[in-house]
Amino acid sequence: MPPFSPFALSTRLASRAIVPAASTFVRPSVAYTVSRRFHPTRMASKPIATLDASLVSRLPESSPTLFEAKRKLNLTFEAIAKELGRDEVAVAAIFYGQAQASPEDIKKLSEVLNIPHEKLEAQIPPIPDRGRTLDMPPKDPLIYRLFEVVQNYGYAYKGVLNEKFGDGIMSAISFSTKVEKETDEKGDWAVITLRGKW
Amino acid sequence: MPPFSPFALSTRLASRAIVPAASTFVRPSVAYTVSRRFHPTRMASKPIATLDASLVSRLPESSPTLFEAKRKLNLTFEAIAKELGRDEVAVAAIFYGQAQASPEDIKKLSEVLNIPHEKLEAQIPPIPDRGRTLDMPPKDPLIYRLFEVVQNYGYAYKGVLNEKFGDGIMSAISFSTKVEKETDEKGDWAVITLRGKW
Amino acid sequence: MPPFSPFALSTRLASRAIVPAASTFVRPSVAYTVSRRFHPTRMASKPIATLDASLVSRLPESSPTLFEAKRKLNLTFEAIAKELGRDEVAVAAIFYGQAQASPEDIKKLSEVLNIPHEKLEAQIPPIPDRGRTLDMPPKDPLIYRLFEVVQNYGYAYKGVLNEKFGDGIMSAISFSTKVEKETDEKGDWAVITLRGKW
Amino acid sequence: MPPFSPFALSTRLASRAIVPAASTFVRPSVAYTVSRRFHPTRMASKPIATLDASLVSRLPESSPTLFEAKRKLNLTFEAIAKELGRDEVAVAAIFYGQAQASPEDIKKLSEVLNIPHEKLEAQIPPIPDRGRTLDMPPKDPLIYRLFEVVQNYGYAYKGVLNEKFGDGIMSAISFSTKVEKETDEKGDWAVITLRGKW
Amino acid sequence: MPPFSPFALSTRLASRAIVPAASTFVRPSVAYTVSRRFHPTRMASKPIATLDASLVSRLPESSPTLFEAKRKLNLTFEAIAKELGRDEVAVAAIFYGQAQASPEDIKKLSEVLNIPHEKLEAQIPPIPDRGRTLDMPPKDPLIYRLFEVVQNYGYAYKGVLNEKFGDGIMSAISFSTKVEKETDEKGDWAVITLRGKW
Amino acid sequence: MPPFSPFALSTRLASRAIVPAASTFVRPSVAYTVSRRFHPTRMASKPIATLDASLVSRLPESSPTLFEAKRKLNLTFEAIAKELGRDEVAVAAIFYGQAQASPEDIKKLSEVLNIPHEKLEAQIPPIPDRGRTLDMPPKDPLIYRLFEVVQNYGYAYKGVLNEKFGDGIMSAISFSTKVEKETDEKGDWAVITLRGKW
Amino acid sequence: MPPFSPFALSTRLASRAIVPAASTFVRPSVAYTVSRRFHPTRMASKPIATLDASLVSRLPESSPTLFEAKRKLNLTFEAIAKELGRDEVAVAAIFYGQAQASPEDIKKLSEVLNIPHEKLEAQIPPIPDRGRTLDMPPKDPLIYRLFEVVQNYGYAYKGVLNEKFGDGIMSAISFSTKVEKETDEKGDWAVITLRGKW
Amino acid sequence: MPPFSPFALSTRLASRAIVPAASTFVRPSVAYTVSRRFHPTRMASKPIATLDASLVSRLPESSPTLFEAKRKLNLTFEAIAKELGRDEVAVAAIFYGQAQASPEDIKKLSEVLNIPHEKLEAQIPPIPDRGRTLDMPPKDPLIYRLFEVVQNYGYAYKGVLNEKFGDGIMSAISFSTKVEKETDEKGDWAVITLRGKW
Amino acid sequence: MPPFSPFALSTRLASRAIVPAASTFVRPSVAYTVSRRFHPTRMASKPIATLDASLVSRLPESSPTLFEAKRKLNLTFEAIAKELGRDEVAVAAIFYGQAQASPEDIKKLSEVLNIPHEKLEAQIPPIPDRGRTLDMPPKDPLIYRLFEVVQNYGYAYKGVLNEKFGDGIMSAISFSTKVEKETDEKGDWAVITLRGKW
Amino acid sequence: MPPFSPFALSTRLASRAIVPAASTFVRPSVAYTVSRRFHPTRMASKPIATLDASLVSRLPESSPTLFEAKRKLNLTFEAIAKELGRDEVAVAAIFYGQAQASPEDIKKLSEVLNIPHEKLEAQIPPIPDRGRTLDMPPKDPLIYRLFEVVQNYGYAYKGVLNEKFGDGIMSAISFSTKVEKETDEKGDWAVITLRGKW
C-alpha cells in the first residue's frame, strides 16, 4: 500500500453538488428555491470554501453567518458574485470581513443566502477592520506561496516598478484584483492579477 | 513655505539620461559603446534602480557587480531584458540573486554590462539561495503594499482558488510574473500578474 | 466584468442615516428623541465607526456598551463630541478605553447615548489601561500608514525636533491631537495634528 | 549632591556655534565661506543633529557623507532647508535616505555642504529604499513617543477618519509633514502635522 | 529511591486493550460490534494517540469528534487506515484537519468510528486550512526532533537535491509520506520517508 | 514576450563541466589531476552547490575553504562522497559545519579537494556547533518545503509514531538520512529518508 | 474648540468619594461599616485603581474578587495597606497575584474588603506564579516608562553597581520597593525606590 | 574539589589598583599625573567597569574612547563623577552614550581621562540616540533583575502611582536616578532611586 | 513603615496544615481518611503548589482535576510521590501533563487523591503532548533562573560534555532528574540533578 | 552504501593528541614545555572544544586568545582546571566570558596556556557581561536539550522547590554547577548538578 497522496480526491463533492439542498440543511423559502432553479450552474461542482471554526474569533459577526448560509446552499463565491454583479474575490473578501459591502451588496446577499436583511445589516461592519484574519507568515501552504512571491521577488518588483513609474507606490487600497483559471497542455494555471493606482 | 511632498520630483534623472556615460564612470570598450548607439531608448529616462549599500551583505557577490555596472551605464531592467530576451522582472530577480541565470544569460549580461565573463560566471550562484534579501514584514512602503495584499486578501484568494481548482496550491516556483503599466483618465495603474501551475 | 474595486461604495449608509432610528433598534426614551430633533446634523451621513467583535476581549467593559449605543442611534463621534464639548478624537479614545473620561463626560455620554448613568460609571475605567487595543505593527491599512510614517520619518523628526528644542522629547501624554479634513482641486486631504509639551 | 538630571544642559553648543568653522574641520573653499557670511543665522545655536556611528550600516552611502559635512559646518536642517527651498523634515529625510532628492536638491546640497557634486550624485540613491533606518518598536524615547501615539490612538484615528471620509486610508506617500514650535505660558510645544491624500 | 525515568511504562494500556469496549464508553450499535469481531488486531496494544484538550481551539470541529470516537473504541490510526485503504499518516492528518478526506473516506470513517454520516460530513472541512495546529518551533520533543533535522541539515539537503535535480524544489503538496518501524540488534528505529514531486 | 519562468535553465553548467579546470582557477598539483582522470563521472553535469557569500559569517572557517575548492574543481557532493566512502548528505553536512568529520574524512577531503592537510585540520571544528546556518522559518523555498512538512504533519507523525513505539522520541542525533531520485511517468521524485533510533 | 487634552480631569471621582457606599453596591455588614467610620481618609479622593476586564484571564481567581470589593468600597491601596500594616506596593502586588499573602494578610483583607475568609483563602494562590500579568514591552505608557529606564540606563546601573559591590547582582526577590510623592516648586515628583540584597 | 562558585573573587583587582598606571598603558602628561596625586582614593579598589568588545558596534564612537581611557587609568565612575560634579550614574550613562554631556562635562572628561579635547568633542554625540545599547529582555543577569522588577510589579506601580497622582505618567526623561550602598547585619543592599516628574 | 519584603511570610500555611481537612473542602470517604491517619507527615507544613487558573487552558483535562484534589487534601508532591513509589519531580510532571503516567500510577493517584478511577484514566493523556505549559523565556522568576543557567553556561556545558564524551548529546528524554535540599551554615541550598543518557 | 551516521567517529583526534605540539603551531617557551612534561595526561584523548569563528563577535577579546592557545596545546578544560584548582565548568565559563576570573586564575591561565600575562589581564573583562553568547532557543542540539528540560519540567521544578523551601527562588548567581560522567550497563550517562542558594 503506498503512502498517502493528499491530492487525488477530485471526485468528492461533485456528487454532493447534484443534490445541494439535501440532508444537511432545511430547505429555504419557496421563492428562493424557485430562483435557484434558474441558476443551476451556481451550485458547486467542487468542494466549496467553508469557514474553519478556529478562525471565527478573528472575524466580524457576519462571517460565520455568511459562511453557514453559503455552506447550507452549497454555493460558490462565483455563483454569489454573479448575483451581486461583483467580482468573486471581492465577495470572498466581504465574507472574511476584508472589504466593504454596499447597501446593495447587503440586500442581494440577504436574498441569495436567505438571511434576514436586518441581521445581515447589523452584523456586517460598515467599515472593515482589515488584516486581522491572518497571522504572517501564513501557515496555510496556498497562502504561503503568495507570501513567498513577495519575499522572493519583492525587490525585483520594486526595481521594475520604480523604473516604470518613478518613485512612489502601487496602492493596495485603490486597488482591484481577480483570479482566473487557464489551461494548457501542461495543466491548469492560476492567474492572479493585482491592479493598483500608482 | 509648505511642508515637503516627496513625490513632485519627476524631472530628476531624465536630464542625466541624456548623457548616460558622463562623468561618474569610465567609458567602456568601443565595441560596447557602438552597440549602445543602436539602442538609445535603452537608456533610462527615469531614475533607475540601484543597490542600497545596506543590502549588500545579504546578497551574492554578483549583485553589487551587476548593479554597479547598470548604474554606470544608466540602464533600466527593461533595456537589459530586451538584450537578454527575458522578462524584466526575471532580470531584476537575477540582479538580486533570486532567480537562476542560464549560461546564455550570463554571456549576454557580460556583454551588455561590460563585465568580464569569468568574473560574472564565478560570482553568479549556479543555484540561488532565495528569499534572504528581505525581512518580513517588509519595511519599504512599495513592497509592504504587496505584503498587505496577501495579509488582507489571503483567505479570499484561497477560497476562490480552492473553489476553482479544488484542494491544492498555486506554485510559486513553477511560476511566472510580469509588471505592466496602464494609463487611463484616473492616472497610471501598475498591473502585476502572477501565473502559477496548480 | 471588471475585478472588484473596494472603494466605490460611497452611497451605502447615507440613506440609512435618513431614518436613523429605524428597524434595527428600539427607539429610546421620549426625552432623548426630543433632544435629537434639535441636532439632526448629528446623524451620520456616512458609515459610522462600529466595534469589531474580535476586539472586544481587549477592551474595557464600557467599550461594547458605548459602541452598541452609538450604533443604535447612528451617531458619529463628531456628533457626540459636540454634545460633550470635547474633541472627537478624545471621544473616540474614550470609546476605545484609551483616554480618561471625566464625571462630566460620563454624565453627558449617559444622556446622549441613553445609557443608565450607573452602568456607564461602573464600566468606564477611572484610569485607562492604555495601549492594549492594538498589536504592533498594526494590520489595518489605515492605522499602518501612521505606523509607517513613524518608521520612515522617525529619525527625521528626531533630528528636526532636537535642533529646534535641544535634547528632550515631545510628550505623548501632555498631548493633544485633532483630525481635520481639507479639500482642494486634488481631492480630499486628511490632516492630523499632534501637539505635545516639550 | 543630587542625582543627575539629563536635561539641564542648554548652554552646551551655543558657544561652539560662534566659531563653527573652528578646529575640528578644514575650512572649505572661499566661495562657500563667503556665502556663509550672508547667512550667519544659519549656524546652529543649539546642538545639531549628527549621525550615530551605529546607524551607518543601515543607511545609504550618502548619509555619512551628508552628516559629516553638516557637522563640520555646524549647520541645522533648518539652515540647509532654506538654501534648498524645501521643508526641513524633507531635508532630514534626505539625509537619512528616506526621501527622494531631486537633481536640484543634489546640486544645492553639494554647494551648501561643500561636497563634490559627482560624489553626492553617485551616493544618493535615485529612489530610496525606505524604512530600514529604524527597528520597531523604536528604542529612542523621542521616536517611541510617536510610536506610542499610534499604539494608543490608532483606532481612535481610524474611527474619526472613517466617519469623516468613509472607507479608505490616508496616504503616507502622497503625504507631507512639518514640525513647528509653539510657546505659551506653559512652555514649549512641539506641533507635528501630517497631511495625506485620502 | 532513584529519580524518575519517564520511559519505563511499557505495560500501561496493553491490558486496557484487552477489553477496549469497557467501562469508559457506552457500547455502540450491534452491527458495529459485530464488525469489530472480525478485526480484533485493530485494537490498540499500546497507548493510542488522543487529542489534548488544549489543542481543540486550533482545529476544525471534526477533530474532537474523530478523536473522541477513536478513544472510545481504542483504535489505532493503523487499524483505521486499514479500513479506509489509506496510509496511516494520511489518516492521522485527516484527524488533525491537515489533509483532505474524500467522500469515500468520510463514509468509511463514519462506519468504523460509529459517527453519524451527516455529522461527519458537516464537520470535516471540504478543503483543509492547513498548518495551524502547531506553533513553530514545536515544543513537543518528538516533533521538535523533526524540526531540528530541518534546522541542522536544511542546507545539506538543498545542496544535494540541487545537484541531483538542478534548481527547483521538492513539493510538499504533491507529496506522500509514511512511517515505518525497523528493529535491529541496536533496538527500534523509526523510519520516515518523504517523497515529493520535483 | 512572455513573463519569465525561472526553471527552464537546465543546460547551464553542463558545458562548463566539460572543462572543469578551466579559466577560473589555477590547476592543482599533477598528482591530483591524475587521480581525477580516473573519475571523470565525478565532474558535475548539473550546476553544483556553492556557498552564498552572505552565509559565510555563520559558518566555521572550513566552509568557505571547502566550497571554494569544490567550486574550482567543479565537483558534486556525490563525487566527493564516493571518494570518502560516505553518504553525500553527510558530506554536505560536513561542508556546512553540521556534521563531524573523522581524521580519515579530513585526510581524504584534503586529497580530493587539493587543500593542505594542516589547513583543513585546523579549520574543521573537531565538534560541530550545530544549527546556526539557518534561521527558522527558512526563507529558501526548497528548505521551507521541509519545514512545511513538519508544520503540517507534525502531530500526524507524533500520533503514528507514538502508536507504533509508545511514548518516546525518534532521535535526531543517533540518526541517518539519505536523498534519492526516483523517476516515473509523472516525472522526477525526490525521496528523503530519515532513520532515527527510538 | 481645541483638540483634546487627556489630563485635565482632576475633579472626577472626588465627589464620588464623598458617598463611597452609594448606589453601585450593597452596603456591607454593620461591623465593617463601623470600622470604616474611623478611617474616613481611607476613602479615595482620586480615581482608584480598578481591574481592566481584559486582564482577568491572566490573573489568579483572587484578583477580580479583590478588585471588585475594592471598587465597591472605593478604597485606595494606601487605605488597605494601612489596615494590613504593609506597604501599599506590596498590597497592590497581592491584588495582581505578584506577591505572597500571609495568613494574617488574608485575614485582614477579608475583614477590610468584606470578603468571606474561606473564599479568599481558596482563591489567593499560596505561592504566586509571577510575571504573567504583563507582556513586555509594556504597552501602557506609565509602565513603559519604567521599562524605558531599564532599556536606557541598564548598562549604566550595571557599571556603577559592579564598581560599588564587585561582581554579582541585586536581588529582585530578596527585595523591597516603595513609591513616594514629593512636591517642589516644579510640581509633583514620583519617587520609586528599589532596595535589593546584593 | 567542589564545583565552581563564581563569586568568591573579591581580592582580584585591588592589588592592581595600587599601581594603576603600570605596565598596560603609557603614563599620561605630567600635569595630569600631578592632579591625580591629590585624589588617590579615586583609584579603584574593586574591579572597574570596562566595555565589552561585542558592544562597541552599538555605541557612539566616544564609548570605546572613554572606556579605554578609564581602563588605563583604572578609574571608577565614582571618581570621575567627583571630578565632574555630577552623579556617577549620569557619568556612566554618558560613557554608554545614553545621556547628554555638557561642554563643561566634555572639558572635564578630557582633563580627567587625558583625552584630546577636540577628539572627545567630535566623538560625543551632541544629542544621544538613546536605548540602542541593550536588547530587551536583557541577558545579563544584573540588568535582567531590573527588567524583572518591571515585569512583576509593573501593574502594582501603576495602581499605586495612579492613586497618588491621578491619571498620567512618571517621566523617564525629566528624571533623575542614583545608586547607593547600604550595609546592615544581613549584608549589603543596593538601593536604586528613580525620581521622575509627574 | 518599611516598604514590603515579599519573603517574610514563613508562618502562613503551617497552621492551616494542622487541620488540612477543614473548612475549604468536604471530607472524603472514610476509607481514605483512615489511610491518611497513617501518613500524617504527608500533610504539608509549607504552602503547597496549586494550579494558577490562567494556566488551565494550556494543560490536559487531568491537570485541574489532580491539582484540585491535591489542594483539598493539602498534600505535597513528596507525600503523593511516596504513595506512588516514584520521584516527586516525576509526580509533579504528571500533574502538569509533562510525563507519562503508568496504569499503576493512575490507580494509586486515584486512591491517594480520592478521584474516581475512570475519570482519571479518561483525563490523563496516554502520551503527553509535552512542552506547552510554558512560554519561553519563562516569566516566573524561579523558572527563569533555570533558563538563565542554560543561557549563561550553555556553551560551557557543551564544551565540557563534548570533551568528556566526544560529539553527541545528553538525552533529555532518556533522562531522570531530582531535587534535593541541603543546609549548611550559609543557609539552604537547592540541588537539582539532571542525569541523561549520552 | 548506508546513509551517514554522524556519531561513529570516536578515533579522530586521539592520535593527534600524541603529538600535541606538532605542525600547527610554534612550540612555546622552554619553561612551559618543561612544565607540560609532568602533566602528560592533560593532553586530550578526545576532540577538544574549540571556538567557532561565527561566535567571536559575541565574546570578549579574551575568548579567541584563550581558545586559540588551548587548541594549539591540545588541552582539555579538565586539564586546565586541574592547573587552576577550579572546576572545569568554571574554566569553560571563563573561556566563554561568562564567569569572573580572579587574578590568580589569570596568572595560572597565562602560565598554562603560554599567553603573556599583560595581554590576558587586559583582555579578560574584570566583570563579565553575561548571557550574550547564546540566542535562545539554542540551536545546537546539545544545548537545546538543556533548554528543553526547563521548558518541559519548569513548572514541576517550581512546584517541588516551592513545597520544599516555601516561596522564593534558587539563585542562579550564588550558584555552583558541575558535570560528571557515569557508566553503567546501559552505557554512559551525563550528570549535571546545579546547586543554588535559596
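Every chain is named by a letter (A, B, C, D, E, F, G, H, I and J) in the order it is written, and numbering of its residues begins at 1.
Here, contacts are C-beta pairs under 8 Å (C-beta built on N, C-alpha and C of every residue); 3 or more make two chains touch, one makes a residue touch a chain.
Just so you know, these numbers come straight off a predicted model, no measurement behind them.
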Any chain that touches subunit F and subunit E: A, B, I, J
Name the pair in E-F, A-D or H-I that forms the same interface as G-H; by residue number, over half of the contact pairs must coincide. E-F
Chain centres from averaged Cα atoms put subunit G and subunit J apart, in whole Å, by 45
Separation of mean Cα positions, subunit I and subunit A [Å, integer]: 49
Just curious, how far off is subunit I from subunit E if you go by their C-alpha centres, in Å? 31
Pull out every residue in subunit F that's touching 2 or more other chains. 6-7, 9, 47-49, 55, 89, 93, 99-100, 127, 130-131, 137-141, 144, 148, 151-152, 162, 166-169, 172-173, 175, 177, 193, 195
Which pairs of chains touch one another in this structure? A-B, A-C, A-D, A-E, A-F, B-C, B-D, B-E, B-F, C-D, C-G, C-H, D-G, D-H, E-F, E-I, E-J, F-I, F-J, G-H, G-I, G-J, H-I, H-J, I-J
Considering only the defined contacts, which subunit J positions touch subunit E in the complex? 137, 139, 141, 144, 148, 151-152
Touching residues on subunit J, where the partner in the complex is subunit I: 6-7, 9-10, 44, 46-49, 55, 76-78, 88-89, 92-93, 95-96, 98-99, 130-131, 133-134, 136-138, 140-143, 145-172, 175, 177, 179, 181-182, 186-198
State the interface residues of subunit D toward subunit A in the complex, per the touch definition above. 100, 127-129, 158, 162, 166-169, 171, 173
Spell out the residues on subunit D that touch subunit B in their complex, using ranges where they run on. 57-61, 85-87, 89-91, 93, 97, 99-103, 118, 121-122, 125-127, 129-132, 172-178, 193, 195
Would you tell me which residues of subunit B are touching subunit D in their complex? 1-7, 9, 11-13, 15-16, 23-24, 47-50, 52-55, 71, 138-141, 144
